[in-house]
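What follows is chain A paired twice: with chain B in the first complex and chain C in the second.
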Partner chain A sequence: MSLNLKIFQDRVITLSLTIAVLIIVSSLIWPQQFFSLENLSLVLLNLSIDAIVAVGMMILLISGSFDLSVGSVVAFAGGFAAYLMYYWGVYMPVAILASLGVCMIFGFVNGWLVARLGINPLIQTLAMMGIIRGLALMVSGSGIQNLPEGFNQLGQAKILSFQMPVWYMIFIVGIFSFLVARTIFFRRYYYIGGNEKAAVLSGIRVERMKIFSFVLMSFLAGLAGIILAARLGAAMSTTGQGMELRVITAVILGGASLQGGQGKIIGALLGTLFMGIIGNIMILARVSGYWQQIIFGIILIVAVAIDILLQRRADRDAIVVLKTKA
Partner chain B sequence: MNESKSITRFVLMALLIGLIVLSCDPSKGAYKQANESENTTGPSINPNEEYVMVTTFVNFPMYVNHDQAAFLRWGKKMGVKTTVLGPTEWDVVAQIGVIEQVIPSKPAGLLINGTDPAIASAIDKAVEAGIPTVVYDSDIPNSKRHAFLGTDWYEIGRLQGEAMVELLGGKGKIAYLGIVGQTNMENGFRGLLDVFRKYPGIVVIGKYDSKGSTENAAKITADLIAANADLAGVCGFDATTGPGIGLAIKEAGKAGKIKVTTVDWEPEHLKLVRDGVIDVLIGQKENCSPGTALSFFMIWYTRLMSFQVMMRGRVLPTYHFRLIPVY
Partner chain C sequence: MGAGRSEVAQAIFGVTQKEKGGLKLGSREVQIKRATDAIKEGIGYLPENRKEQGLFLEMSVAENILSVKANNDHKTIFVDYRKNNSITNEFIDKLEIKTPSGETKVINLSGGNQQKIVLAKWLTVNPQILIVDEPTAGIDVGTKSEIYRLLNELTEAGTSIILISSDLQELLSICDRILVFCNGRITATLPREQFSEEEIMHYSAGIKDMYK
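Right, the complex of A and B next:
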């Protein structure tokens, strides 16, 4: 019993099992539509941008923080790179690097003000969300089309039936899964999120680490924005609206906690995959947009409620075991 | 033990809610019975055919009341399945995702709300998959769509501009509101400004983002009135701006003094016209009643042969519809 509970305490395992059940059931209901390479490719393509942003958000949430400006950064990054290429004729790699550089400055501003001045991340990143969205509107206006073909190929080319954003997502999740699980630098975020004061006392440079996490978040959001612009072949100032809450929801479903100190990068992918599959099922089942919102809300509450119940039960069992040993 | 009880209660609650939902039968409801007579009209094509409308904002009141209502009514009349899908907030990327995920299920026809040129590749995928695809509302000329039914937004802007110039006698301070960054509205803004450029007496104080929200439009207008005692006119470009602008003008006691031109003619717009708050509406004719419906037919070379779409009409003789068949 205890062994079973230990397994079910791990959100990665419970979510993987849930996703597996969803896939099996959906494949039986819609064998032609759901269980096809084309549909799998589309589901992954449509969640790839959110998943890349979710990787950064997972690291932030592990450290006990979050960033509401990611959607605006996504819009700005694509818009600014497109602006440089379309209006100024800037060479594509330079435009991409310049856009990513500006995004990292946004992240630095967020991180510095949160870590050094102690501004609440909610207020700070909410303010930046508006500022960056305004900048995105300024650079993209009504949208920038006719981007260089080479740029579009970054998001539209296919390898083994999967469009490039899917491969970027796999690469980024793979790299950061390794870094967060295996390197001392990233492991420190768990200490910071678990107990910030203790982390400071143990010699971890918490402020710098926090600033870095915000810079990394903005870098990944910027990268996601550029990939999205390449995929669409256009930059739109309206992209990324509502993304912040969608991504935070996915990351919490994937095992992160708003209190910090918990979560795995693979959980971020599984959270977005779970939401992507549910979205896909609702489209296949022709569920109306109204019901989709209700169903997503219920799923979130059920997932978190079950998690809390299992957690409590596991905690109680652990106490029983300790008492027995004593 | 308590946790087991909690889980059991939770599961029982979920089952109960599930049973309630499953036991719902709209066919027994008064609404269904009241509308029964209308639904029985119209010839049947093939009841297994499914037509899907993918909008970019599924609960946008104007879409719900006109485009979607007309589409669903058409489906009932023709005896075919109709489904409306799309995000519940203005989200073009999510709309693209929905279009792409609908394609593998091969509907008999796709009706896509034209919002931004970026949706062109998704439209192309649908066309390449052999699905008859119609773009409505705003055109996506860079796509391979089979046809477009909708409005010329530049023209809407131009007509609003001309109406406003006439109302003000060619001089005064003007502001305009709409969903900033959205291609169709930006085209409307362009049309408006092209008119104003010809009149040096017209001073444009700014372009403001309503974000598709009445509250936002009201707040912006109130701020504009407070900051500009000599504000002469406000132009609105989405369905929510009219009621928002009207509310702020009424609350400021400036009805009739500040001229208002805007789009659409929902009941709330018409009431504001009657109250003397809105001066000009550039709108689309309601066509939910099959008797007065404005219908367009497109004959396809495919085996499906026909795909009928009912669209909105116009209120003023200034509204432009374009049917661009691309056979």
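Right, the complex of A and C next:
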């Protein structure tokens, strides 16, 4: 009994199974529309931006923190790079690097104020969300179009019938899955999320690690924003609105906990994939957009509730095992 | 309690900043600004409240045992799971930690076994000086004597132990030298020949020359 439950405790497994079931059922219902390469490539393209942001968010949640300013950073990054290229004629790679650099400064401000000064991440990143959105409006105003063709190609070129953002997503998820699972540096975030005081006393430089995680988050959000602008061929100041909550939902569905200490990078991808597929199914089933929000909300509550119940059960089993052993 | 013992220990270990004063290790002046520096100098610190400051309760026995060694080894980049496994098993055996496996979450173990895990995580780095803050508080008698045995083994192997305790019997039976704190100051340094309950109580109450 306890063994059975243990498998279902692993969110990566339960979510993979759920996604598999969803794919099989939808393929049976809409064999032509759902089960096609075009649809798959479209679903993946639509979730690629969220998934890249979700990687950074997963690392933050593992360390027991989160960032609400990501949606604004996405809008700013695309807008600022576009501004530099369009109005100042800056060479594309330089514009991209400059924009990423500014995004990392935003991340540093978040991280420094949260880690050093002790401002609650909710308040800090909520404030930054507004500030950066304002800056995004300043740089891209009502939108910047006619970007260099080379820039647009970064987001629109296709390899093996998938657009570039899908490949970027796969690359970033792959790299960070490896880093977080295998490097001592990234494993420290589990300790920090598990018990921050104990982490300090174990010789982990918690403040520095936290600042780095916010810088990394803003870097990935900036990258996502630039990719999005390239894909759309335009920078708009309204992009990324509501993204923070969507991404946090996906990451929690993917196995993170707001208390910290839990989660895997692959879970961030699976969470966004799950939400992407549900969204796709609802479009195919002609469910109104309002229902999407409602259904995502319900799914989140149900997933977390199941988690709590399974956890209680597992703890009870573990205690029984110990007592019989002793 | 409230005499400033833990505060001094934490200042030595670098987790709270000292207002003034320096730290000498042997004859060498050392600069300790944070826990990493202390660990580098061979100092370990077993905090008073193991659940709040010592353990990662939701993490496994193995991850807890390795929490100091792995995170302070700045030369290694990748996690070596095989090596970690053998270290974990070595310490589970050595300290006789009762756990179904190294994968068990620490929250599911008894207080005594949890305390052994906090001790184990410091033993993995072979500290020269180990500060243990109330190591036997809230622990059953059997485990208590095991902890004393382990501390004795450590001193025999050359580790200096600074024991912080409010348990007089404990201090009298295992220490070589006792420093008495009162209101954040050391009020007496007693070698073994001068050990007596009256003497210690006298200095810890801060009453000077009550009998003399």
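Worth a mention:
Please note the rule applied: the second predicted complex is superposed on the first by the 326 of 326 C-alpha atoms of A that agree within 3 Å, B and C clash if a C-alpha of one lies under 4 Å from a C-alpha of the other, contacts with A are read in each partner's own complex, and residues count from 1 in each chain.
Criterion: contacts are C-beta pairs under 8 Å (C-beta built on N, C-alpha and C of every residue); 3 or more make two chains touch, one makes a residue touch a chain.
Note that the structure is a prediction, hence the values are computed from the model and not measured.
In the overlay built on the shared chain, the residue A:288 is in contact with chain B alone; chain C does not reach it.
When both complexes are overlaid on chain A, the residue A:131 reaches neither chain B nor chain C.
Using the contact criterion defined above for the overlaid structures, shared-chain residue A:183 touches chain C, although it does not reach chain B.
In the superposed model, A:312 lies in contact with chain B only, and not with chain C. Taking chain B and chain C in turn and counting the residues of chain A each one touches, the greater count comes from B. Legend: residue contacts after superposition of the two complexes on their common chain; A:203 is shown touching chain C, with no touch to chain B. When the shared chain is aligned, chain B comes close enough to touch A:140, but chain C does not. Of the two partner chains, neither chain B nor chain C is touched by A:98.
Overlap of the chain B and chain C interfaces on chain A comprises no residues. Those residues of chain B whose C-beta lies close enough to touch chain A in the complex are 3, 6-7, 10, 14, 52, 58-59, 83-93, 96-98, 100-105, 116-118, 120-121, 142, 179-183, 185-187, 209. In the complex of the two chains, the chain A residues touching chain C come out as 181-185, 187-188, 190-191, 194-195, 197-205, 261-262, 315, 318-319, 321-322, 325-326.
Listing the residues of chain C that touch chain A in their complex gives 13, 15, 34-36, 38-39, 45, 47, 52-59, 63, 67-68, 70-73, 76-79, 98, 100, 104-105, 107-110, 121.
Residues 30, 33, 36, 38-39, 42-43, 45-46, 49, 136-137, 140-143, 145, 156, 228, 232-234, 236-242, 279-280, 283-284, 286, 288-290, 292-293, 302, 305-306, 309, 312-313, 316 of chain A are the ones that touch chain B when the two sit in their complex.
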